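Two complexes follow with chain A in common, the first pairing it with chain B and the second with chain C.
Up next, the complex of A and B:
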């Protein structure tokens, strides 16, 4: 139990301290993405990637707030409200949110069009490809 | 004073004021409408901006996420506002949507960029709101109507209150006071202290001045009328009390006017009779006379005054009354021909004249003709009857001087009077019986163509005169008469004097032969 708590704390702390990177499948042949492109995909403004494939963005529960804050400079509450509004219109839903980095990585590895964000400490460039790097402030 | 059904002045005033007011209100409404039309544009723009503020975030989200559903919601939400006529929303990389109510001309529009909710300053779309022209107009119209209603009702209320005051305090006062004033009376309008300086004060003073001058006129007229009345009365009095009967006939000769004297003269009474009888009386007495009709005709034919005397022969009256009548043609005030007449009762004068004439021609004592009129009658007769014979009988009483001497002149006069009566009975009415003087008489027998007539008459006279005469003293006396006679044939002269002279000679012959007989001149 102590370990879990410690490791969680460590994880949380490291995730706070560490950079966040946007990753994709190794077969994803798109060039590096811009912040704007990431934002447009994650805010539902755009669906297609540069190569024309429909992106399947995935969220990370622990990193979500930091990620959106960086992307939109908006508080997470507003982001939630934004999605709620879109959801009510019945057209879009926000990216699926997964709760663990391992789960996220396995999703990316499984689907060529999936993109996700994780702490850069967990990136193994033999498994996923880095598409965008969010420098920690 | 006349009571006209009143149309109160303030009604007219109200009508006038309301008319002017409506005109002014219309002008004001026009101005308000113009101003409001201009102003409403600004206001509308403000309203549209506020609406945009309200929905901008949602609209931005819709534009950012290219979510048409949200955009449609925004549009229909905006469209529910009465100001909004048309709404457009466009996302730069996505949709372009619009909604509108009806196809109406656009008045005011507001366009705004939609800014990305996440990237500050990045325009991601456009939203535009349009208000209809009608909205501005409607607003302006409402303002104008409101201003009209407010101003009209305020002014009307104020006007009514003021007019009510004016009517109640001033107009009613003047009107009622004037109404109560009788022209020519001494009453005047008392001036209100509070209105001495204004038009009402002047009106009051002017009315009083008018009343004054009217009163003066009435007085002057009254005096004048009085004078005319007096003059009329005097004239009527003169007309009625005139000793002459005055009357007016129309052209047909009917009596149309007359004074009371005329009635009195016709009636021969001192009292005026009933009017309606006068015309009848006139017709009966004067109208039926040919002479009078002739006089009327003469009067109508000439412009001269026509005069004549008429005898009025009335039933129950032996001697006629005489009227002196003057007629003249006149034109009356209407221009009709009338005859004005004047009638005098000249009966007395006529009879006086007759008496005078009679006294001049006849001997007073005996009633015989005097010498001169006898001569005139004779000469007139022989001039008219040249072939007729005329006899002269000259008489001289025998024994008269003795009676005169014994019994006095009075007895002598009695004798002469009785002798005269007897002589008249001996001759025809056409013959002349004349007293030459003293106890000498002349009988002229006109138209004596009978040779025996002279002797018959002489014998009759001798017998008649010789009868005893009873004096008023009781004594009986008697006289005789000596008669000398001649005629035109015997004397061979027509001279009155010559004939008397011849008869006188014959008479002296009788005197010398013993008296109391007759003799014809040889």
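Up next, the complex of A and C:
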């Protein structure tokens, strides 16, 4: 019984403590991204990947808060206010926010300029490329 | 032949869509809104955000404002036709003079990005004159109930039809965006003289430099006004031959009482600092005009806020100071009390159009949910020399020299 409880606990905490990884299409030949490069794209300041192609960032509903907190140290309400300013002035398109990991991976596989973030447990490196890792603290 | 040509043209314009891969067109609908209530302690002056509003907030609420002053609901459709071709349409329900549908169509443009650092947009665009003039309707994006009115009342034009080109440069750890724009603005405005149409070709340039926590912006904007303010009664007096006979030189005042064919120049500098805890906004601008109807105005404000978790407390100081060149009204050649009264009235009508007001605010914002914020703000205004030019004058009573304005509201995005 103790073993089952411990196993369940480990299973539960491991999903909570998992790293977030930024992924791209397998044809994305850009070098690994820096935290700053990821931040600039997800904050709408920069549009291009290192190869000059226009990046198409995708968001993940369940991980969005943790992702932005790591990148900017700002609460999600501030990020929402920031994006409201960019988006409703008509200057930038906010990263599309998808609700399921499978949907996110499918988008990444379909377009070589799409980047996204998912829980590292769902990464299959034969399907997508890891571009940046956010280590859980 | 004509049919073939039309077909070719249609194919040409739709080719970015037809050639796009399966993910296009990709569209999304989003929006923003604010609901608020504004009260004041006077019925002589009506508080408005700017001259686009037909209803004003007062002590009694009888002028219809209060709820409509800060309330608005905006909806936006974004469509990507390819990774370089995009369109945005935004419409806002709000208290607005003129045609409710057309005047509230805030954005309707096509943007083309031939390179990742170059944007070309054409259609209806937001007028980008000050730090947040293109998002002043999006309450959720700023801490206050509304942008500081000492500053933002000055330019009541929200949008124009035209084009802009923006090029981004990477400089050190920041980004510089240089934008030039040109077009034609058609805005319906409302004032003490009633509703009037303001049409003007305009052009300008803006420079924005943004780093991690800082944003700095400089803008120059030129506008040429094509339409007249409806002050026929004033112009009728000025051009009356009988009055000119007893007040020589009176007709020379016509240009000072007219808006048509005059030029406006705006120059502004603004900055914002936001390190996630402290929040600061400051702007200063100078408006130079060629008519006493508008006058020259120096204005500015500074806002400092401090976040405590989900709460933001802030204060704002604002000033709008008209520095009109005084127009001398001819003295009657015969001493008659009625003519002296007319001289005095003309002096008031021509030399009393610029603001001389200051304000101090304290307020709070509470982000109750990631997309919903509650706000409150108290503003104390003072006026010098009947300087309430940004307010509606609701009765003939002596203008108060100080007014308190308080407000509560909720802002949200979806």
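Remarks
As a working rule, the second predicted complex is superposed on the first by the 121 of 137 C-alpha atoms of A that agree within 3 Å, B and C clash if a C-alpha of one lies under 4 Å from a C-alpha of the other, contacts with A are read in each partner's own complex, and residues count from 1 in each chain.
Everything that follows uses one rule, which is that a residue touches a chain if its C-beta (ideal position, glycine included) is under 8 Å from a C-beta of that chain, and two chains touch if they have at least 3 such contacts.
Because the structure is a prediction, the values reported are computed rather than measured.
Upon superposition of the two complexes on chain A, a steric clash is found between chain B and chain C.
Contacts of A:110 after superposition: chain C is touched, whereas chain B is not reached. Within the superposed three-chain model, A:75 lies in touch with chain C and out of touch with chain B [touch as defined at top]. In the superposition on chain A, contact is made by A:89 with both chain B and chain C. Residue contacts after overlaying the shared chain place A:51 against neither chain B nor chain C. With both complexes superposed, C is the one of chain B and chain C in contact with more chain A residues. Shared interface residues of chain A (contacting chain B in one complex, chain C in the other): 45, 72-74, 82, 85, 89-91. Across the interface of their complex, chain A is touched by residues 21-23, 26, 28, 30, 32, 74, 76, 78, 80, 83-84, 86, 88, 90, 107, 109, 111, 113, 116-117, 119, 121, 125-126, 128, 132, 134-135, 137-138, 140-142, 166, 170, 175, 210, 276, 310, 367, 369-371, 373, 413 of chain C.
By the touch criterion given at the top, residues 45-48, 52-54, 56, 65, 72-78, 80-82, 84-85, 87-91, 93-94, 96, 107, 110-111, 113 of chain A touch chain C in their complex. The residues of chain A lying in touch with chain B in their complex are 36, 39, 43-45, 71-74, 82, 85-86, 89-92. Against chain A, the residues of chain B that register as touching in their complex are 58, 61, 64-67, 69-70, 73, 117-120.
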